[in-house]
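Quick heads-up: structures coming right below.
Across the two complexes that follow, chain A remains constant while its partner is chain B and subsequently chain C.
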Partner chain A sequence: MADSSKGLKRSSAETEGSQDSKRVKTDGGSNGKMGGDKYNPYLAHLDEGAHNGFKSPLDELERHKTTALQAVKAEDSDTNPWTGRPHSQQYFKILKTRRDLPVHKQRQEFLDQYHQNQILVFVGETGSGKTTQIPQYVLYDELPHLTGKLIACTQPRRVAAMSVAQRVANELDVELGEEVGYSIRFENKTSSKTLLKYMTDGQLLREAMHDHDMTRYGCIILDEAHERTLATDILMALLKEISTRRKDLKIIVMSATLDAQKFQSYFFNAPLLAVPGRTHPVEIFYTPEPERDYVEAAVRTVLQIHASEPEGDILLFLTGEEEIEDACRRISLEVDEMIRESDAGPMSVYPLYGTLPPHQQQRIFDKAPEPFRKGGRPGRKCIVATNIAETSLTIDGIVYVVDPGFSKQKIYNPRTRVESLLVSPISKASAQQRAGRAGRTRPGKCFRLYTEKAFKKELIEQTYPEILRSNLSNTILELKKLGVQDLVHFDFMDPPAPETMMRALEELNYLACLDDDGELTRLGDLASQFPLDPALAVMLISSPEFYCSNEILSITSLLSVPQIWVRPNNARKRADEMKQQFAHPDGDHLTLLNAYHAYKGAEQNGEDMKKWCHEHFLSYRHLSSADNVRAQLKRIMETHEIELISTPFQNKEYYTNIRRALLAGFFMQVAMRESSNSKVYKTVKDDQLVMIHPSTVVTSPYDWVVYNEFVLTTKQYVRTVTNIRPEWLLEIAPIYYDLDTFEKGEIKSALTRVTEKVRRRQAMKGGR
Partner chain B sequence: MSSPKEDGSDHDYDDIPLQHKRPFGAGLHKKAIAFVPASDTGGQLKSVDSSSVARPLRQDVADLYLSMVMPAEDAEKDKLKPITTPLPLKTRTHSISEEVTPDICPLCNLPLSSEDFVPHEQSFAHQVCLPHSHPPSAIDRNRKGLAYLSAYGWDPDERRGLGAEQQGIQFPVKARVKDDNLGVGMHIPKGLPPPKKKEQLLDAKKVRKMAREEKRRGERLREELFGDGRLGKYLGRGDKGLI
Partner chain C sequence: MAPQSDSKPRQQQTQQAQHTEEEEEEEDYMTMNFADDPATGISSSISTSRGPRVGETSLQRHQRLRREAEARARPKSKAELAAEAEARREEALSRSLMAARPQSKGLAMMAKMGFTPGSALGRRSGPGSLSSQKRAEEEGAPSAEPGVTTSSKDDDGGRTGGGGGDGPVTEPLRIAIKDGREGIGLESERKRKLREAAEAAGERAKRARADETEYRERLRREREEARWAGQLAAAQKVAERMAAAAAGDDAGLRDGEGNDVGTTTSLVGETAARPLLKSIPVEWRGLVRAREEAERDRRMRYDLEQGLASRLPTYEDPEEDEDDKRALGKTARTMYVTADDLDEEDPELDEFEALPVDERLRRVVEFLRERHNYCFWCKFAYPDKEMDGCPGMTEEDHD
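Entry: the complex of A and B
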């Protein structure tokens, strides 16, 4: 025993030696002298002797040889092993609840597996505590302060990364941003002290672009891998490759659903560790017949539950904001009637969807209302949610789930180059996940608004991973930057369709990000530095050529955040009037810019911005985040020496320059009006018939417009449009607008006329 | 645990005090949906007994995982199956397969029988299994994206996808616009007329146009049927008795 502990000391001392010099460098020499006058608890492990009396509880641990018992002992100690400060009262309180989590029982088993294997697949249902606990278990085994290699834990969503990091910081009794930090797009809350880092999967991917082997990390945990986001899929392929090069890199793939076999076989038959969640049985019911109207059936089912089922909250899954708000209204009205006529209990109805402001999202955690009188019928709450309540968000108290079997899913069609959100049937896995939400607190019931036969026959097994449903141009740019040569044989878990890949390669080629051999160009390399879509990045990079990079920078940031316009149902008209104040006749991009300039102007005048935004029907939240995005992008531009210039506002070319600059990135998103008195436009090359989205400020019917996005609902719309002139197209994107590549049609003949006109004008000029 | 009947409409009515009962239902909740429970236990989400799962005795994690995924009943059912199947049937099938086994076509794995009218080689199933070339892919050969992919060894006519083993999907996932509220599994049969359109409001202009068209159609019909009147005369009595 004594012998081994001696060996342990020595080995840690060796690593310390190498660590020492590293620290000196990173800390700028200020902490170089050990045992200086200032006591730095973080460096305590480096100079045990200097602070007599302080002995870190971690001293006894040997990297990759720890046991659960040792770790528990370290956690129980009075001093915080990571900061050297004494543990707070709160810490021990949280520690007690942590020990009750299902995963705690398997800590030793986890460590054994972790020591023996490089890659591990970990399955734990929501509520097992895997997201918060496993990274900490790894922390106590990896001891990153000795090696300087961090632990990363990825999350698909920004909010999750932030909130989990905060939670874990509390659990470890450290400041958020110090030992435990997070890093998300446009926000980095880490420091040189950081040992455990929560981040979005996209963020880790961005880091990998500069560090192909992920040398900064000793262990990478991919959480919520079952969601199969685009970035997670790329990361998995990348880590699979890196794992053969870097044998010291540990990888844990965590998934909430029980489809882990696919992950196992993908990662060289990695061993599996499963932890049960705290779930109760859920009884599942189907309708005997298919439903004609699933929204009405859903409302009826909710009311039926309210009338006849014992206490317990209801979760109803619907597809979109409008549908949800409508259902909420109908349910509330009907419940009022039920209360009046049949003495039903009270029910509060809450909507829940992504674009809901946070304080309204918080309301779903309110307690269910009390019964009207003592001993009366119980009150309950009903949450009407999109599929964000399926995996990402956990609401306790739900006993009944109503599942109509639909969700909105993104789908990309490479032939028309349209990415759209469409209502589609969910998968079996998704239906099971939804049902599972009913069994969080006690045995529950799930009412599926379709027949059992339909469940078996019509629903697909698994939801298509995002990579099969997305435009890949951004992905391919990233992969190229990551040094992937052969995209055909790149080992994706679910490789995308060849046509989708081809389309993305072509788009990047037109944007001049890839050359004809598919190699990254200088522009492409630069574009990949920006956390933006390639079209936006290219627009931003080329904006100095149009003397308006300041303005394009603002527009880019405004296009990177959700809609800044607020249009509440009860004040639509006033909201529209306010928007008209900012309106620029030439288009929505310029209107956005006007609103932003007004916002900045009011800010400089020292106005109360929240009030100002409210008065002007603008979203303060989104405008301020656009402001933040702008600052981040500006920093990137400065590091790459992209000039920030503006045309003087008095110059009559001010807006023209901006409109031209838009085309530098979005020349592939142009539509021409069908005929002189129609409202229908046709997109260039893809030949889709579209209308301008009613939210536009453009009133006069322009013949040519550039659009930011294509919205496919019941009609096809283009949203955020700006008027342009066709001759700019030929000038700015001559390769894309090479008339020989156009199919015969109105657009080709119109462009031919324009070419003729330009040629004639030049000839006349030359003649003079 | 309450039975599914409790969700039914009857129960709902029972809760309403007599004096509050309305002569006719107005609320949506009165048109109840009769739910049926899932038929097999496989559809029901199983609770996981954490105490049994977390037993340290269980060494094999794969077993643990399987015990969570596969309900115990199913496994038992599988075990029971071979015993419960009647023996005579088993032997019968066995004897048939013994007779047939020598005569299985190596190409299409179908039994060869001499009783068919057409030789087996000409049968549709056999023909389909023969190696044959597929029509070339419809992808435009001049596309730059294709040039890149084929440079790395992807052939559009090979009917394969991307990926390490070229195992990926061949075609993009299809998007289908859903513009109705039909539930999952509800299909309007093709033969039926499309759902009623919204009633159109008529203005004077439209009414006049409709009347004009009606009149024209009537005239045309009359012309076709009665011609110049001689036909009526020939057929005997006036136009009424014709049909």
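Entry: the complex of A and C
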């Protein structure tokens, strides 16, 4: 993906280019070059012998028998074979750079292997061009316009799917969303014309739920398979199964690391094709002693490089937003001092992490600053990034890598049902990947902030695949929907721990998505239609029973996007005051809803929403994406005839209904206050001691709360909480709250008291 | 609620022991009832249930409940809370769900699909499954016990097995929480040190637990060791004297007094009398070193107490002659050569000093016999290597 950077840099130039081609298109139409018959690539096979004066460069090609030479010829032709329009200037310019990519040299070899095999494992280091080129090579061989069977290329990340699709659309000189499109959760940019589709792996999995044999596709390319995301793992298992049923389906598994053997043996010893990346040697340095403070050590190392190493940019890996921002500040301050005191060169420091707004992410591609005067000490840039800079994007010019050896990793343990992001040591494979980033432009150096002994002894070989680190309730529901009967013997590449599956089945059973025999219920089937976690889906589906499906729909959408609250370091107090304006005393869910309603109200008043959000310390990006998610979910609800209703706002039950509806999905995420003067809560059934996250608006010490997530750092927190009443638990989730299943303890006795109270009250009512 | 520093809930400090059950009866101060049931100690009161106990009077029960309420009502410190939360988490993490009662419905569903507790998931046959079967059998045994299975095969970071590669997992991955910003390897380094310290402490504890006979034995040994130490010093002195005597003989130039070089000889002579530490046989090097160090310290103290002139004793003016020096108080006596080698590391000596005292004594005695044909126990220098007449190597031989 060397080109993602270039693609991004060029984006402005490219838009001009595409406008050009648009104009050309209309011109072509008025010229009547093709007569009344508009060229239709789907009917190209009818155009035997070019009787209407137009000869497609693809005519010579025979599906699954093409050669690289033929394809190159088609690419070189003046007419775009996919649109019938003339190729733009820009196209040929990009074509030239494409021909320089390492993967291009092996185009014929690739095609030979592709023709001979159903499944192919392709290994190409980052920068080989595999993500953009291989799908196009397949396109020129698969000729999907003849068969109507699409080519899919999966990506683990939404952003990658979008940006690569854009890049490839430019390379093919077509409009994004037409011949080349993308499909990610809550966003689909494809059309009936689409031949090549980039999509997230999760999206393909969702499609498979309705099309068990993936009949829409002629070739499926699983890219970045080495990342071993949950969805990619499930897809591999599914495709392996489908490949025996559908001999015409071609599968390419692409990986950036050289441990492809595992993929080969998993896919019936599929052949391997490897393309070398463009890499230079990287010298690796270790520290003699373990570090006391890795952030401190990292900052020091960066400064040392700046002071004493020749020209070249620096990439520093840290774990999270806060740490990165902190490090950036410290480095900038120290560099300023170095400039004043010892005539150091200028250095621009850029943070890079997932939640950073795109235009700020873009800045990492800026050029390093010029020296202060001609012949002065060179300027450089320093990028402080999370592990997104490890494989998924390439920044040219990096010569020095500083690797403290940590990253934030998701971990799930079914015994406490806690899924959390924890700072953990990386694997040896990750460390090598990081070091490799230094050798992209010229020989580089990698400074590892740990000892060589620690590298050998303390780092695991490979990062654990996500399937071993995740809650599987969503996956199990999907597999059930995919028609997998025997989950126990399902052919996972790395089977999850039995307890994880057990917990998932149990949770789905409590949510009434699976019956006691493990069969999908009607509710389960419905829940699987929503691209949501089962608890959220069930909450949404049950919400009409509580007369508040409109509100629950909004809350669900808000919970499906990143935090909408903005709390900049320099204006924390102001931000908190603003948040207080939306605060609902009963809890954070309701506060979210208030903020959303205020947002919609301001929108209707025709306010400048960006400005409004900024003033109210809300994230415009996340709120508008929540709005988009809401629209998508609403459509799904409408197709399944789930009523959209609200309790009138004047009704005093308005908020109560919403609070009750939350429990319909989240009754397994409830905590009780430990004692009357304590701030400590105990989670139901798991008996974990937690505190309410400081970000909450809740000030009263409620005895019972429902929470959206359990956050494990050095402390245990529950985040996004709302006050509930214990009677509701017994009423809404009687099976989960069957007191016979509870272990003896305070929660059980508290609930027993509640049961008795309810019974007494009912007896009194009955007596009257 | 007033924070209570006293952790004993039995002390009735909280009259206002508020709890949901209102209208609690006033405590009857006249009855001497302590309800001293050890089972309701503070630790158990937190975790155990509040169900009725056998053989408990209503009064006892009442007090127990009150105590428990107090224990709950007392605000805990942050550290206590953190420790408790962690303990609770670790407990939950170490308990396999397979053993949970009542049995999970999830397990029942899996059993229907052919799952047997202890085995791994995944494809039925194939290369990997044989080893996994074996692993499952190994791990099946402990998990059959009610409650606890141990999943910490590896105490460093709790990462079981290698990442990928070897057979499918039968246990969830461990959660290891990292607090602070310590670099990789620091934790294990610290653990190693802690382990060593713990071992040393255990050793000491063991010694402290010594009973009476051990005590006597220890006293005896200590006395013995003290005696050996005295003998060792004596033997080392003998060795030094004999070495000096031998040096005097060999040189033939100086008179046999050896030790008393004094003011008459030059400065060079002074240093020559005490050759470089490293050249002294390790058997008595320690003696010289200790003496030199004591001497240096004494002189430094002395110099400090003297005037300015003597505070700069190392300054040597080539213009000065003997008399000037004496006049300025810079005679050889007060002029000391900074013994550089005193500050040097001496691993050979350290190694020797680390030996038990009796072993060191044995080595010095042996050294004296070999080098000078002198038996420390006979207190006699024999004329030849045979050492005819000496009963043997050890002190016992001379009894």
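By our rule, the second predicted complex is superposed on the first by the 717 of 768 C-alpha atoms of A that agree within 3 Å, B and C clash if a C-alpha of one lies under 4 Å from a C-alpha of the other, contacts with A are read in each partner's own complex, and residues count from 1 in each chain.
To be clear about the criterion, contacts are C-beta pairs under 8 Å (C-beta built on N, C-alpha and C of every residue); 3 or more make two chains touch, one makes a residue touch a chain.
The model shown is predicted, which means the values in this text are computed figures rather than measured ones.
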With chain A superposed, do chain B and chain C clash or fit?
clash
Given the touch rule stated above, what does A:Ile364 touch, chain B (first), chain C (second), both, or neither?
neither
Is A:Pro496 in contact with chain B, with chain C, with both, or with neither (first, second, both, neither)?
both
Under the stated touch criterion, which partner chain does A:Leu272 make contact with: chain B (first), chain C (second), both, or neither?
first
Under the stated touch criterion, which partner chain does A:Pro281 make contact with: chain B (first), chain C (second), both, or neither?
first
Given the touch rule stated above, what does A:Ile724 touch, chain B (first), chain C (second), both, or neither?
neither
First, second, both or neither for A:Asn677, with chain B first and chain C second:
second
Just checking: does A:Ala297 make contact with chain B only, chain C only, both, or neither of them? Give me first, second, both or neither.
both
So, A:Gln106: does it touch chain B (first), chain C (second), both, or neither?
first
Pick one for A:Pro465: touches chain B only (first), chain C only (second), both, or neither.
second
After superposition on chain A, which segment of chain B among 38-46, 146-154 or 218-226 overlaps with chain C?
146-154
Chain B and chain C contact sites that coincide on chain A, given as residue numbers:
287, 290-297, 404-406, 411-415, 420, 422-425, 449-451, 453-455, 457-459, 464, 468-469, 486-492, 494-506, 509, 516-518, 712, 714
Along chain C, where are the residues that touch chain A in the complex?
1, 18-20, 47-51, 72-73, 75-76, 81-82, 84-85, 88-89, 92-98, 102, 104-110, 112-115, 117, 119-124, 127, 156-157, 159, 162-165, 168-186, 188-189
Which residues, counting only chain A, touch chain B once they are in their complex?
102, 105-106, 109, 113, 123, 125, 258, 260, 271-274, 276-288, 290-297, 299-301, 303-310, 330, 334, 337-338, 341-343, 404-406, 411-415, 420, 422-425, 432, 435-436, 439, 443, 446-447, 449-455, 457-459, 464, 468-469, 486-492, 494-506, 509, 516-518, 712, 714
Sort out for me which residues of chain B touch chain A in the complex.
1-2, 4, 6-7, 11-12, 15-17, 20, 22, 26-29, 31-39, 43-50, 53-54, 56, 61-62, 64-65, 68-69, 139, 143-149, 151-154, 156, 161-164, 166-179, 181-187
Interface residues, chain A side, partner chain C - complex
262, 265, 287, 290-297, 404-406, 411-416, 418, 420, 422-425, 427, 429, 449-451, 453-455, 457-465, 468-469, 485-492, 494-507, 509, 514, 516-518, 674-678, 680, 686-690, 712-716, 741, 744-745, 749
